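Paired with subunit B in one complex and with subunit C in the other, subunit A is shared by the two complexes that follow.
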Partner chain A sequence: MTRRVKGIVGGVILVILALYPWLFGIYFTNVIVTCAIFALFAVSYNLLLGYTGLFSFGHAMFFGAGGYATALALTHIEGCPLLVALLFGFLGAVALALLLSPIVARLAHSAFAMLHLAFSMLLYTLALKLRGITGGEDGIGGFPIPPFRIPGVVSVDMTDPLNFYYFAMAVLCGSLWVAWFLTKTPFGQIIVSVRDNDKRVDYMGFKVPQTKAIIYTLSCGFAGIAGSIYAMFQNLISAAALGIAQSFAPIVMTMVGGVISFFGPIWGAVIFAVIEELTTRYTERVQLVEGLILIIVILFFPGGFIHIVAIVKGKLLGFTRGKGAGLIKGKWFGK
Partner chain B sequence: MNILETKGLYHDFNRLEVLFDVNLKVKEGERHAIIGPNGAGKTTLFNVITGTYAPSRGAVFFKGEVVTGAKPHRMVRLGMGRSFQITSTFNRLTAFQNIRMGVLSRRGIRFNFFRKVDKMEDITRETDEILKRINLYGERNMPASALSYGKHRSLEISMALATDPDVVMLDEPTAGMSKDETRYAVELIRKLTEGKTAVIIEHDMDVVFSLADHITVLHLGTILASGPPDKIRKNKAVKDAYLGEMEG
Partner chain C sequence: MKMTKRISSAIIVLCSLCLLGLPQAMAANAAFDVNKMADMSDFDPNHPVIPTGDTIKIALVASFSGPAAVVGQIYWISVQWAAHDINKRGGILVDGKRKLVQVIKADHQSRVDVCKKVCERMVLQEKVHVLWGTDGSHLMKVINQVANKYKVIALCAASLSDDLYDAQNFSRYSFMTSFSTEQIGRAFAYYYGQMRKKEKKFYILCQDYLFGHQMAEGFKKGLKEYYPDAKIVGEDYHRLFLTDFAPYLTKIKASGAEVIYTGDWIPDAANLLKQARQMGIKLPFANTFMDEPNFLHAVGVKGTNGLVHVSQYGVEGGAFKTPEQIKYYKAWNDLWKAGKWGAPYNSRLYEHGTGNIGAYRAQTYWLLSVIERAGSTKAKKIIKVFEGDTYQYVIGKVMEMRACDHKAVQDLHIELYVPPAEQRQSFNIPPYYWYKGYSVTGPSFKIPRDKVLPKADPKLCK
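Up next, the complex of A and B:
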């Protein structure tokens, strides 16, 4: 796609998102916000999996850390401004990542994955047991959502779902843009090189553990932002947000959307949102449908939705070059 | 002046001694070949020098500085490049991106979060120049894994050179190449290492004698002989241990 086409597509998406509440009503904004939260969560996960080649079973702990940090700030700090609460969410996840990174930055493959499973189980248990702080199984809820305020300029009530929709979408889309930009920088090149061949990265003059620690911390920070918005949106955060099911959400979305592309996980989040919305009309067994789709994707389209698009494009346009061709020929989990 | 030197270098893997009192001297600007039978410890010597692991005893000097046990990234920053016996590239990245990693490294662009790498025109220009020099410009946008074997090898060697090192360590650059590919690779190495110091592990004696200014023979983990090609060719101990064996 040329720059111009991309610009137009981006513009159209923005206009649709801006007009969305008026076109489809306030109920469906909930679907979109949830979808955008998971899109950011999944993209943050894919910065590790797709870009750096790090497979984690515990990414929800950063999502949860962000949610809890925001909820705690709003509960305990009198008059905590909205953006500060959001910052708390981001920093909560970053702090946890910084704590873990000296250990995990030297690991890869199954050790990395399993250690995250262990840490996330630990945090999940802590969230359940430390009732005084986390509220145990009930979680923390009913905290005040402050208005978005720039002193002397503007004060917008965030308990209005419409206002919150715009705030959440601005934060989430902004974060997605930052994450996307990150993958385009020289640092973005280094992380994909780490994924391909970490030893060689060392022999090209770059420090591998430090590189991994940085992308890890940033990825977790994005997950924290997603968790923070989630807590404010639901006005509730509970241990489920840290649980194993929550850790699998971004994995599954990334797989179904496509691990190779930045936009794959976003597609994954959209696909799951649509499936959930449609299937709940007929049955409560949403996960059954989701599981079936995952199986089909893994068996027939290991590159995910992006892979299907590439095949279709290839058939229609006959492409033999570029990313599409690579997608058709390539292997995604080789190592 | 010796740009690279090892003094009394020992290395063992779980007490299995692989390097035994190795005193290697590499002069600035020469092409130095390291030859020896399989298992002589050539690659281990490379690994110890370039920082894959620290020696169990002894010292490595690079540009007059003690660098014993320095990590690979540090050695690269000090001016040492390395290629591998088993082709080691970033397989899903394009040829261009592979070389660009070297250019970024040399310019010290590492943790840059504020500019798009594709928009850094000087980096792109420099990378393209290297690709043209090594005849890979036509394959610029192909993933490394899709290159033919010979081209893949040239890419790997050029990645080591893209950081513009003073000393380049090539571990069997022509391994697995056909005769034509080997001839081409030798010319490429000659061209690219012009004015640099090169240390080359090589099995192909034609390559060794056509490229090297100086040859060191490693045998059973220690240096059997070291000198100019003519002397090595005539050396009796070398003939017995290695060259003779090849001819016979």
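Up next, the complex of A and C:
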């Protein structure tokens, strides 16, 4: 795709997003906000899994930490501005990641995955038990959502779903762009190298644990932003946001969307939002449908949706070389 | 002289008539009239006739999947029954048109985030007029928030936490027709302290969320008020949908408690009682939701004997005092006995249609009566009628909607579970027992409404 075509596609997407609430109404506007939140959450997860080769079963703890940090800030700090609350969410998740990274940055594979499962369950239990702080099973809800204010310039009411949509989409799309940009930097290439052969990267003079710690912290920070927006959007955060089901959500979205591409998890989030929207109207067994799709994807399309798209594109456009061909073969990016 | 005597007699007769008529007139603004009930012989909860188009839409927000799916099924049959009855009568005249009642399932999967989403879908997509909820006070809080945001009516028929209607959480769009945690706690305290006067050591075991904590608070407050000599020998809160109660039960055993006070609902209530009996703990449970027939049957007559249950749908003495009450009971029970209903509605849980099922049906009838009297589906008009309204259930109980905080004022009943042979005290028509396989309601004690007034936030109720 040429630069010009990319620009046009980007422009069209922006126009669609800008007009979306008028085209589809409040309900579907709320659906797309949820979808975007989970897209960022899944992308943050894929920075670990897809780019660095770190498989985690506890990514929800950063999502939840971001949500709780924002909710607590809005509950206890009178007049806390919106962006400060968002910053609290980001810093909450980053602080937790910094606390854990000395331990986890030296690990990989199942040890990394299981340790995260253990830590996330610990946090989940703490959230349930520290009722005075976290609200226990009920969570923290009903906190004030401050207006988006630039002193002397503008003050926008964020309890209006339309205004919140633009705010949330700006933050989420901005975060997605930053994450994407990160993967295009030399640092992005190093983390891919760490995934492929960490010993060779070490021989080349790069510090593998530190590299892992940096991407880990950044990934968790993005998850924290997603959690923060989620808490403000729902006006509620509960222990469920830290639970095992929440940790599995980005894994499943990434697998279904495609671990082999930056955009795979975004597609995964979209696919699951659509499935949920359609199935809940006909059955209460949404998870059954989602589980079946995951099984089919793993058995027949291990590269996920993005892989299927690449195959179709390859057949239509006749890719034989370059990135497209790599995707057709189901290879991970950067190989 | 003769004239004066005649006038005096006339005055006496008139006064007597007035006195006799007055309680009836004061009883309620409206009452359920069994004689107006439609022929319900075609009611089938598995295949309900659901009208579409320009209808009065009620979203039934509940767990329809996961471990608490049975609760959703209970609500479904109860609300659907009332809707079916009203629809067969031709619907309700609202906004100048007779409209049928459409009940829509909304599964919140016991998750707060899903609850918000599904409620918004009901309001924005399905355009429902009422959100009917639900199992879990934390989820009812979400329903109330959505109702408040989009200005639709919320009916709290099954969540009991008082805090849902304090000054901080109060929404003028939401009405609590169920009993509440403090009422329950105080009712038990009143029964043990002022009526029974025997057991003194209580152990509190509740679910670790808003409802569970409020249940405990209500009981503690009630004990202070009605039974200062009583002692709380232990207090624990467990997470929802726990499967192993052994650590808690071991502590209870060691505590020397004489009664276990619990607010647990199924499946927790079932697992708790089963495991307690398996561990040889024979203590009575003072409970609210330990009344599900299938699991009580599994525990048996001995294991369920002596349970103490608080009911929002109870009566003192025999349950059937009038031919109308028998007719209403039989309309349900005959259908169940005929085996027309498929699973899960063919289980013994649905045999009688009393207890909580009876309460949910009655609360739905009350709601529909309010809508009828408001003559509109507009929230503001419904609120106007609902605030301060009184309504008489088929069992004779009169409900009052307190205007200041939208909580129902009502009498409660403490029921003692006894073996089948003694159940005729309550089940006073043939075959003179509710269930043969376990102990259930026998003697029942009325706790007057003024002893168990729902907690009122002074910021709302002066």
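We take it that the second predicted complex is superposed on the first by the 329 of 335 C-alpha atoms of A that agree within 3 Å, B and C clash if a C-alpha of one lies under 4 Å from a C-alpha of the other, contacts with A are read in each partner's own complex, and residues count from 1 in each chain.
By definition in this document, contacts are C-beta pairs under 8 Å (C-beta built on N, C-alpha and C of every residue); 3 or more make two chains touch, one makes a residue touch a chain.
The model shown is predicted, which means the values in this text are computed figures rather than measured ones.
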Exercise. Touch check for A:Asn30: first (subunit B), second (subunit C), both, or neither?
Worked result: second
Problem set entry | Partner chain(s) touched by A:Gly132 [first = subunit B, second = subunit C, both, neither] | neither
Problem set entry | Touching partner for A:Ser193 - first (subunit B), second (subunit C), both, neither | first
For this session: Determine, under the contact definition given at the top, whether A:Thr280 touches first (subunit B), second (subunit C), both, or neither.
Result: second
Exercise. Can A:Gly152 be said to touch subunit B (first), subunit C (second), both, or neither?
Worked result: neither
Problem set entry | Which superposed partner A:Gly142 touches (first subunit B, second subunit C, both, neither) | second
Exercise. Now for A:Met204: first (subunit B), second (subunit C), both, or neither, which partner does it touch?
Worked result: first
Seminar exercise, completed: The answer for subunit C against subunit A in the complex is residues 64-65, 69, 105, 107, 109, 111-113, 116-118, 120-121, 124-125, 137-138, 141-142, 145, 168-169, 207-210, 213, 239-240
Problem set entry | Touching residues on subunit B, where the partner in the complex is subunit A | 50, 71-73, 76-77, 82, 84, 88-93, 97, 100-102, 104-106, 109-118, 120, 141, 143, 146, 159-160, 163
Seminar exercise, completed: Residue set of subunit A touching subunit B in the complex reads 181-182, 184-190, 192-193, 195-197, 199-208, 214, 321-322, 326, 329-330
Problem set entry | subunit C-facing residues of subunit A, complex | 25-27, 30-31, 34, 128-129, 131, 136-139, 141-142, 230, 234-236, 238, 240-241, 280, 284-287
